[in-house]
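There are structures below to look over.
After this come two complexes, each holding chain A, first together with chain B and then together with chain C.
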Partner chain A sequence: MRRNAKWLSAARIGLYAFLVISAAFFLLPLYVMLVTSLKGMPEIREGNMLSLPHAPTVAAWVKAWSSACTGLSCNGIQVGFLNSLKILFPSVTMSIAVGAVTGYALSLWRPRGAAWLFGILMAVAFVPYQVFLFPLVRMFSYVGLNSSLPGIIVVHTIFGLPTMTLIFRNYFAGIPLELIKAARVDGAGFWRIFGAIMLPMAVPIIVVAIILQVTGIWNDFIFGLVFAGRENFPMTVQLNNIVNSTQGEREYNVDMAATILTALVPLGVYFISGRWFVRGIAAGAVKG
Partner chain B sequence: MAIGSRLAAQTALIPAMLIALVVYCGSTGWTIWISMTSSRMLPNNNFVGLRQYEILFANERWQVSVQNLALFGVLFITLALALGFFLAVLIDQRVRAEDLLRSVFLYPFSMSFIVTGLAWRWLLDPTLGIAKIAHDIGFEGVQFDWLVRQDRVIYTLLAAAIWHAAGLVMAIMLSGLRGIDQEIWKATRIDGIPAWRTYIFVVIPMLKGSFATATILMATSVVRLYDLSVAMTNGGPGIASEVPAKFVMDNLFERQNIGLATAAATSMLITVVAVVAPLLYAQNRAAARVAR
Partner chain C sequence: MTGVSVSSLTKAYGALRVLHDIDLDVQPGEFTVLLGPSGCGKSTLLSAIAGLDEIDGGTITIAGEDVTEREPSQRGIAMVFQSYALYPTMTVRGNMSFGLRVKRLSAAEIASRVAWAADLLQLTALLERKPGQLSGGQRQRVAIGRALVQRARLFLFDEPLSNLDAKLRTEMRVEIKKLHKELGMTIVYVTHDQIEAMTLATRIAVMRGGKIEQYAAPDELYERPATLFVAGFVGAPAMNFLPGIVRAGHVEIDSLSLPLDRVAVAGPVADGTKVILGVRPEHIGLADDGAPGVVVEAATDFLEPMGADTLGWFSVGRHRISARLAPQRARSVSGLVRLALDLRHASLFDADSECRY
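Let's look at the complex of A and B:
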C-alpha cells in the first residue's frame, strides 16, 4: 500500500511537470511579445529574447498605436482599430439577425425548400472561401459594393450565415412545442411568436453567437483584404502591412506592440466569456 | 392565420435562399466554369476543357503548395489531436487549478492567424529569436534557422498552428471525457486493467464523436490555411511555404491569371468534398449510435 502511494505521488509529480511545461509552451509567445514590446531596440538587438526589460518603456506602444507606417501613411494601427470597429458592429448585428430568423424559420416551420437550404448551408461551412472569391468580387463590382464598408459587412453576413443558422436552428428546435402551439391558438403569427416568445428565450444562444461572430470577424483577414478596400482595411490587414512595410531596420518592439493591440479584443472576449467561448465553438462545430 | 404565417416563414427565408442560390451555388458554378475557360486577366467564355488543370498540375508552385498542405495537414491534425487529447486526459485527473490551465491552453485559439504568425515569426527569428538564446547559453552548434530553410520552414508553420489549435482539441476532448460513465472506470479497475489500457481500448473508441468533431474543425482550417503563411513567411523562402489557398489568392489578385486560380480553387473544393464527406458520415453514425 505504501509503495503504491509513493508510486502514485511520483506519477502525480510527472503529471504536474508535464502540465506546467505545456503551460509554459503555450504562454511563451505571449510573454515574448509582451517583453519585446516593452524594450528599446538596442536592448532587443544585444539582449536575450526571454529576459525582462531593463528599463520598461511604452514608447513602442505609443508608436504602434499612433505613428507606425504602412507605406506612405503613418497614422499607426489606430486606423485599423477604428475600421475594425466600424466593420464589427454592423456585421455582427446583421449576421446574427439573418441567422436567427433563418434558423427560426427552419426549426419550427416547414417552409418549402427548407431541406435543401439547410443542406447547402451545412456544405458551405466546409468549402474553402477561395471558391467564392472571384465571382463575388465581380458581383459586388456590378452592384457597386466592392471595396466598401457595406460590401465587407454583407460578406461577413453571407459567410456567417451557415454557422449562425445552425446554432439558432438547433437551439429553437429544443424549445417545447406546447409553448408555440399555445401562442398559435392565441392568434400569434410567425413574427409575433419570434419576437414575443423565441427571442426572449434565445438570450443564451445570442450571447454564444456574439462571442463567435466578434472573434471571427475581428480575426478575419482574407475578406477584409479582398472586400473592404484600402480605406477600410481592418486591423489584421493593417497589422500585416505595418510589419511587412517597414523600411530600413525592422522595429520589433513596435511590431510586437501592434500585434498585441490587434489581439486585445478577441483576448478580452475570451477571458470575459470563459466557458461560454468553448460552448460557442462546440455549438458551431456540431454540424447537422 | 396559418396561411399568413406560412407566407411569413417563406418570406423570412428569402435572404438565406438568395445567398444560398446566388452566392453559394452561383459562384461555385461560375468558378468551376471559369476554370474550364482560357480566362487570364478578365473572364471569358472560351471553353478549353481541362487545359487549365493540366497547366496547374504541371506548375511547380502548385505542386509545392499541395505537398506542403498534405504534409502540414497530416502532421497538424495528428499532433494536435495527440497533444490535445493527452492534455485533456491529464486535466481530467482531478488536478489543481484546472480552470487556469484550461484558459492557458485555449487562449491562443481566440487570436487570429495573423497574430499567431507574427508572434511565431519573431520567436523563431534566426538572428534574434530562440536561436540566439541557444547560442548565448553555449549551444554554438545549434542552427535554429528553420524559418529561412526551404526544407524546414513548413515545420515552423506547423508549430504555430499546433500552438493555436491544441487547446481547442483539449476542450473538445475534455467535455467528451466528462461525459463518460464513471461505472466504466469502476468496472475496469475491478478487472485490474491499467488506466492507460482503459484509455486506449475503451475511452478512445467511446470518444469517436469528439475525435471526428475536432478532426473536421481542423481539416476545414487546414484547407483554408492562408493567413498564417502570409504572416509568418509570405510563402518563402522562395516558394517553400506556399499553400493552395495562397496560390489561388496570388493568381487571382496579383498574377491576373483567373483561369488558373479558379482551377486551383476547384481542385481544393474537390479535395474537401473527398476528405470531409467520409468524416461527416462517421460523425453522424457515431451520433446515431449514441442516440440509440
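Let's look at the complex of A and C:
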C-alpha cells in the first residue's frame, strides 16, 4: 500500500513536470507575440524579445484591425474578419446539414460491404486537397462559381462532407434500430424520423461537428486563396498579405496583433468548448 | 374486430431460411403467443406481420385485407418493443402522441386519447417526464400506452417483459392480461418464457427452427403436446422422457414393461417401434400412498424443495425421473420407493419422427 503510494507520487511529479514544461513550450511564443504587439517599433529594435513593454500601447492593434495594408487597400484586417464570417456561417451550416442527412441515410443502409465502403470514405478524407484544386477551378469557372462567395461555400461543404458524414453515420448507427421501427409503426417517414427523433438525439454530435467545422474553415488558407476571389479573401489570406508585404520596414508589432486577432476565433472555440473539443478531436480522428 | 391470417409465409436471409411455409390464423379478440427458444423465428414472424421485415413469399391478411405489400403504418397495428423504444428526447406525452401527430389528428382528439391511456395505465402524473427519468416498469407502461392510443386493430408485443425483473414481470403480466380482458383487442405476443405464454395466451404457437410445431390452447398444449419438442419446452419442471420399444402391447423400457393400453394413443402402434414415453412429474406419485398408476421400483437420488411442492429425483433402471411430491411427505422419502406412473396422462412419441401417437 505504502510502496504503491510512493510510486504514485513519483509518477505524479513526473507528470506535472512534463505538463509544466509543455505548457511553457507552447505558451512562450504566445507570450512573445503578446508583449511584442504591445510595444512600439523603437523598443522592438532594441532586440529584447522577452522583456515586458516599457510603455504598453494598443496602437499596433488598432492599426492591424483598421489601417494595415493588405496588398493595395489599407483598411486593416477587419475586412478579412468580415469575409471570414461570411464564409464561415453558411459553410458550417451547409456542411453539417448535408453531412447529418447523408450520415443518417447511410446509418439506415447496411449493405454487405458497408465496412469497405466506409473505409474508402475515410480514406477519401485523407486525400490531399491540392490534388483537386486545378480540376475544381476549371469546373467552377465553367459553371461561373469561381472566385465567388457561393463558390468557396460549396468547396467547404464538399470537403467537409466525408468527415461530417462519417461522424454522423457512426453516431446514428449507435441508436437502437427499434426506435426507428417504432417510428415507422407510428407512421413517420424518412424525413419525419430524421427531424423529430434523430436530430434531437444528435445534439452532442452536432456540437462536435460545429467545433470541427468552425476551426477547420476559419483556419483554411488555400481554399480561400483559390476559390473565394479577391473581394472575399478570408482573414487568413489577409493576414498573410499583411505579414508578407515587402514594402518598407517590417512592423512586427502590427504583424503580431493581426496574427492574434486572426487566431482569436478558434482560440475562443477552444476555451469555450474545452471538454467538447477533446471529443471533437477524438471523433474527427479521421480528419488527419 | 380483427383477425390475422398468415399463409405459406417464407423468409430467408441469404441462404439461411428463417421461416418455412408458416400458416397462422388468429381469431378476432384472440391472444396468440408465439413461443420458442431464441433463433426459432418468432420475432421474425412478428416483424413480418408488422411489415418491418420484407418477406420472400406468402401473404398476410389483417381484418380480411391483404396487407402483404403495405407499410407498417398502413396495417392498422400498434407495437410494443422489447427495449421499449421510447423516443428519449420527448416527454411521456410526446411519446404517446407522436403517432397521432404524424397522422394529423386534432389536438382535442390527441389530448383525450392520451388522457384515457394515461389514466388506464396510471401514467397521468408522469406525462411531462422524459423516459430517462422513469423506472423500467414505467417505461414499459408508456410503451404500452403509446400502442393503446393508436386504437389499433391489432397489437403486436415483441418480448415486452424480458427486460424487467421477476417481480415486475409478474405484475405487468397481470396488467397486460387485464387490458386484454377489458379492451378485447387482438394480440400477437412473442416470448421465450413458457409461463408468460401459458398465463396470457388463448392459443400458443410453439415454434422451432422457423416452423410452428403446434398451435393450440395452453391446456391442450400442456396435456397433449403434439411433438417431443413441445412436450419438453412447455412445463417446468420438464416432462420425463423414457425411451423404449413397443412389444406385444407394452412399452419395454430396459427391464420395465408398461402396458400400452393405459396410454391414450390415437391408433395402434406396431411392434418393434422405437418410442419415447413422456410423463409429467405431477403424474408420478408414491404407490404406497395410494397414487394411481403402474407401479415401478425406484431409488431415491435427491430432493429439491420448491416451496409449494418438492421435486423428488429417482433412478428407474438407467433413467432418472422426477416426481412432484407434497413437501411434508417428501421429507421422509429415502432409499428404495415404489413409484406409481399415471399413464392415462402420459404422452407417447415416435422416436424417429418425434411426433405424438
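Quick note on the criterion: the second predicted complex is superposed on the first by the 252 of 288 C-alpha atoms of A that agree within 3 Å, B and C clash if a C-alpha of one lies under 4 Å from a C-alpha of the other, contacts with A are read in each partner's own complex, and residues count from 1 in each chain.
The rule is simple: contacts are C-beta pairs under 8 Å (C-beta built on N, C-alpha and C of every residue); 3 or more make two chains touch, one makes a residue touch a chain.
All figures in this text were calculated on a predicted structure; none of them were measured in a lab.
With chain A as the common reference for superposition, the partners chain B and chain C occupy compatible, non-clashing space.
Of the two partner chains, chain B is the only one touched by A:270; chain C is not.
Of the two partner chains placed by the overlay, only chain C lies in contact with A:201; chain B stays clear of it. By the touch criterion defined above, A:222 reaches chain B but does not reach chain C.
By the touch criterion defined above, A:179 lies against chain C but remains apart from chain B after alignment on the C-alpha atoms of chain A.
Among chain B and chain C, the chain that touches a larger number of residues in chain A is B.
Residue contacts after overlaying the shared chain place A:187 against chain B and chain C alike.
Of the two partner chains placed around the shared chain by superposition, neither chain B nor chain C is touched by A:54.
The superposition of the two structures on chain A yields an angle of 90 degrees at the Cα centre of chain A, opening toward chain B and chain C, reported in steps of 10. Remark: least CA distance from chain B to chain C after fitting both complexes onto chain A is 5 Å. Across the two superposed structures, the residue set of chain A contacted by chain B and also by chain C is 184, 187. Of all residues in chain A, only 176, 178-179, 181-188, 192, 196-197, 200-201 touch chain C in the complex they form. Those residues of chain C that touch chain A in the shared complex are 50, 52, 71-73, 77-79, 81-83, 85-90, 98-99, 102-103, 146. Residues of chain B that touch chain A in their complex: 1, 4-6, 8-10, 12-13, 15-17, 19-20, 22-28, 30-31, 34, 43, 83, 87, 90-91, 93, 95, 101, 103-116, 118-120, 122-123, 125, 128-130, 132-133, 136, 163, 166-168, 171-172, 175, 213, 216-217, 220, 223-224, 226-227, 230-231, 234, 244-245, 248-249, 252-253, 258, 261-262, 264-266, 268-269, 272, 276, 280, 283-284. Of all residues in chain A, those touching chain B in their complex are 15-16, 18-19, 22-23, 25-30, 32-33, 36, 44-45, 48-50, 98, 101-102, 104-106, 109, 111-114, 117, 120-121, 124-136, 138-139, 158, 161, 165, 184, 187, 189-191, 215, 218-222, 226, 236, 239-240, 243-244, 252, 255-256, 259, 262-263, 266-267, 269-271, 274, 277-278, 281-282, 285-288.
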